[in-house]
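Each structure below appears as structure tokens.
One chain, chain A, appears in both complexes that follow, with chain B as partner in the first and chain C in the second.
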Partner chain A sequence: MLETAFFYMFGGMSVLSGMGVVLARNTMHSVMFLIFCFFNASGLFFLLDAEFLGIILILIYVGAVMVLFMFVIMMLEVNAAKLREGFLQYLPLGGMIAVVLMIEFIAASSSGVFAESAMGAVTHMGQEVNNTKEIGQILYTRYLLGFEIAAIILLVALIGAVVLTIRERKDAKYQNMSAQVKVRREDRVRKVSM
Partner chain B sequence: MTPIDMAIQAGIWALEILAIAAPVALSVAYITYFERRIIGWVQVRQGCNRVGPAGLLQPLADGLKLFLKETIIPARANKLLFVGAPLMSLVPALIAFAVVPFGETSLFGIWDTPHVMAISNLNMGLLYVMAISSLSIYGVLMAGWASNSKYPIIGSIRSTCQMISYEIAMGFGLVTVMMLAGSLNLSDIVHAQAGGILHWYMIPLFPMLIVYFISGCAEVGRTPFDLTETEELVSGYHTEYSGMWFATFSLAEYGAMILISLMTSILFLGGWYAPIPALDIIPGTVWLLGKSAFLIFVFIWFRATFPRYRYDQMMRLGWKIFLPWTLGWIFVVGLFIYTPGLDSIIDFWLAWR
Partner chain C sequence: MANVTFPFPFPDHLITLMPEMIVAIMAMFLLLFDVFVAKGSKTTAYLAIATTVAAGVATWSLQGPDPLVAFYGFFVFDSFAVFSKFLIYVATALGMILSLEYMKNEKHIGEYYVLMLFAMLGMMLMVSSNNFVTMYLGLELMALCVYVLVAYQREVLRANEAALKYFILGALSSGMLLYGITFLYGVTGSFDFAVMGEKLAHAEGDATAAVMLGMVFLIAGLGFKVSMAPFHMWTPDAYEGAPTPVTAFMSVAPKVAGFVIFMRIVADLLPALQHEYQSILIGVAVLTIAVGNLAAIAQRNIKRMLAYSTVGHVGFIMMGLIAGSPAGFSGILVYLSIYLVMTMGVFAVIILMRREGIQGELLDDFAGLSKVRPGYALAMGLFMFSMAGIPFLGGFWAKYVVFMAAVEAGHLYLVLYALLFSAVGAFYYLRVVKYIYFDEERVAFNFIESRPMQATVFVTAVTIVFLGLFPDALFELCRQALVGLV
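Presenting the complex of A and B:
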């Protein structure tokens, strides 16, 4: 019973905060709503006994990705009046996407995959079942190839980002640490006879 | 479960939370006192000694002063986030204590097996602490932005860059601990270090201990890395804060400092175990708190000793020295674990083979 209550709390909060992301006037408030939404999603993971995924969601998305988002958004100049200018122009397209998504959701939920009978009534696993160990075991044995490919793609993206942003500039100033440390008194101070 | 059982359980949880939150708040107050006394001692002066015997009531007087001060909210500030920011930095600092194991007790022989003294003996304790401590960025960032003022925003951006940079080195440093202990559960990590000072992880992972502690120092924004609150920024992101809201920020900062000290003692200094097994008759909690108290003293000692880092030097230390160092040590530990011949050396510390 308690679990159902928690499920509805997390689920409802994540839907509400998701709406908050879209509807908030202030972009900073939108970001905060999105963070709150992630927290609720990780709460849902916890209810499913997937603590590892729940924690990783907070660690990666809230702790790293959203900070960078916020950096960018803090620097943006948002003009609310300008944003609302093309509202009517984009309304048909946006409305169409919304309707299509709605139909897909309804079709999926009535297709029987999510029917009560199709759901396995799984009891909760005990504390001795270690989530991290299970995920690690299956990731490094059965799905090793996919995992390695994902790692290589990420590495390529990383190197690509570095290559794209590195610019050779002749007038760029930089400090040579070891030269700074090696400086002795004689290099800087000169005795002048008056 | 009947409603009465649930009510009793809720009451126990509330007591557990109170039993950790109240001492943390109290020790924060007295760490400020000891900080002033120790720095006074280092600089050959007295420190605070007027209020109460030897100045012991000074933290209470300070608290009262901060409590009675007027809270000023700037006119152009974003009120909601301005008020929310101190709470956003305090909450992560406090909830991270939920998984810290303070020792093991059988309650004077009443229980057959010793229980771990933690609110939650979570299987992913280490990841939880990492995830929660990365959240404190938001309080700082929000404070800077919501103040709608130049210096706070520069301070908060500096602070965020610093925290993100040093978090990476910190995380990689912890990977080596996971590799040796084979677990993310903090009490399991302590159990893996049982049996005297030679079994502590500070022996095989000494460079990681240094990296973790210095990164912790940068993460909290303590003195060699306190560029966020320098004089040229008029104390950075909390320029516009006064009274209780300012006190909330310092509570969060000192709470994080206590957490870093506890985590360093748990991960590298054997947690609640004594350096010599014969000394284990002294309760483990005393050992753990003693080690943490020493590390807090080291924090204060740093503050009294080192000049401030320049910004580019600080970034260089995080990215060009600590990061390769930690990655290299992960490689070395992995090599020792899986190379025949070398593995006999590391088996002494390895808990899972």
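Presenting the complex of A and C:
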């Protein structure tokens, strides 16, 4: 009973905040709504006993990705009024896509594939099953090689990003270490007779 | 698949990955080492070349009659992997040798060799994979490195354009590949080629549609990587825009890795669907051979011409896949080995011809080469004759083995078609020879003097002639490499 109540709370909130993302006039508010939406989705994961996914969603999406989003939006200086131009022009195509999607959703959800009887009962694993530990164990044993290769891919992405963007600007200020080390007292201190 | 034990069985597993670990550690070491090296020094480059040699020695010392398996079956080390790894080592080492002079004026050159080593690592993992996890990760590791290598000369506009096109289409093809894999995983519940192949043989009802869809996307995704038509669009642009040594590297090594994976998939994953994939591959091969050989005629830039020639060669190599027999597979390995030698030799000559302002890339630039440098002219002539498939040079035997395998498998008409286009292809190869020997010099030649590159030209030319006269040793080597697979 309590679980169902929480489900409707998290689910309803994430739908509302999802709408908020689209409808907010200020882009910054959209980002905030999206963060709120992620928190609620994380709550849904907790209800399904997937605490690892719930935590990861908050850590990575809220903690890293959305912060990056915020930086990008702040730097882009999006003009909301300009974006809304041509709303009517795109309405027929956008509306059509929305209607088709709606029909698809209704058809799929009423077809019986997702009926409660077809899904199997949801049972809780109980406290002794710790899926963070389970994921960790399989990731660092059976999938260890893949995990290590993924780490190297990230390293390559890092190297690639630096290689492609590094610029030696003439007006930038650099530290010349050998000059700093070689410096003598006479270069810096001057004796003045008062 | 072996049982998961915890803690990890330490030394047994890691010894199998010795070559990979040497490459990974050396690449990371060079990344740090390069910071302390004076600008313009070639120490990093020579250490990188030494790393490929060290990996080769490690691979040689590990090989034995029985295939080794590590990481719970996610990594295999069989004779097939050993042979293809050696092809990859040679291609990478030659690519690095070709870069020595060409890239020496770049500001940050250390990362160039590091990325090449990581690309090689990705390909080594690819050819050692018998499952989609290792294969896909290896593929992405290689692809990411090559995207950056193509864009390495940032101030060159066409390099940026090429890299962007290559990146976007490459990302698209990765998406298609993954989409295909999800379907096959959904039906079989496994990533292991052999286990999946077993289950696919018994797929029924709704599952067959999913299997077909998955297979088509899988072939399309891999087709992008080895530039089969109609997925070859990125090839000419990427080849033209990339620094020439990178073009040489990427026209050989990723193709080797791609075809090795293709062979493993065809042999382990899709044996039950031979009829279906064969008809797809025949259609693609017909298109690839035509596009490659016809479009190459219209090119004035030799790098673009060689790009289309690669597409043509890929079409011929596919005949071995279509044959699907041990003879076809060993034919593919023979073709890839000879193609490696020819391509590296051609690109070495092209790079040697680089001069102020002009990079020796237009076909006209070769005019009169025979009078100035008869040695290079002879080597270039040999490579062109070999690529055209003139008898008693290496290229002839490469075509001979795959065509014979296809005839034996009953694809006579396809072989006749391929022979026809092979004759069309001879036109544009021989046109280069015509420029070299029968035209007057237009611009003064100014060659790079580099011993390692001259040695590359010499060795590749001699190898092509030698393989043309005594191909049997290579045939036997390729046949033995396939012992475990088919």
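Following the convention adopted for this analysis, the second predicted complex is superposed on the first by the 146 of 194 C-alpha atoms of A that agree within 3 Å, B and C clash if a C-alpha of one lies under 4 Å from a C-alpha of the other, contacts with A are read in each partner's own complex, and residues count from 1 in each chain.
Keep in mind that, in the parts below, a residue touches a chain if its C-beta (ideal position, glycine included) is under 8 Å from a C-beta of that chain, and two chains touch if they have at least 3 such contacts.
What you see is a predicted model; the values in this text were computed from it and never measured.
By the touch criterion defined above, A:L59 reaches chain B but does not reach chain C. Of the two partner chains placed around the shared chain by superposition, chain B is the only one that A:F71 touches, whereas chain C remains out of contact.
Judged by the touch definition given at the top, the superposed model places A:F87 against neither chain B nor chain C. Once the two complexes are overlaid on the shared chain, A:Q137 sits against chain C while remaining clear of chain B. After overlaying the two complexes on the shared chain, residue contacts for A:E51 are found with chain B alone; chain C is out of touch.
When both complexes are overlaid on chain A, the residue A:G146 reaches chain C alone and has no touch with chain B. Within the superposed three-chain model, A:A157 lies in touch with chain C and out of touch with chain B [touch as defined at top].
In the superposition on chain A, contact is made by A:N26 with chain B only, not with chain C.
Within the complex formed with chain B, the chain A residues making contact are 2, 26, 28-29, 32, 35, 51-52, 55-56, 58-59, 62-64, 67, 70-71, 74, 127, 130-132, 175, 177. Of all residues in chain B, only 6, 78, 80-81, 122-124, 127-128, 130-132, 134-135, 137-138, 141-142, 145-146, 153, 157, 160, 164, 167, 184, 312-313, 316 touch chain A in the complex they form. Listing the residues of chain A that touch chain C in their complex gives 137-138, 140-146, 149-150, 152-153, 155-157, 159-160, 162-164, 166, 168. Interface residues of chain C facing chain A in the complex, by the touch rule stated above, are 4-6, 8, 24, 28, 31, 70-72, 74-75, 107-108, 111, 114-115, 118, 121, 125, 133-134, 137-138, 140-141, 144-145, 147-148, 151-152, 154.
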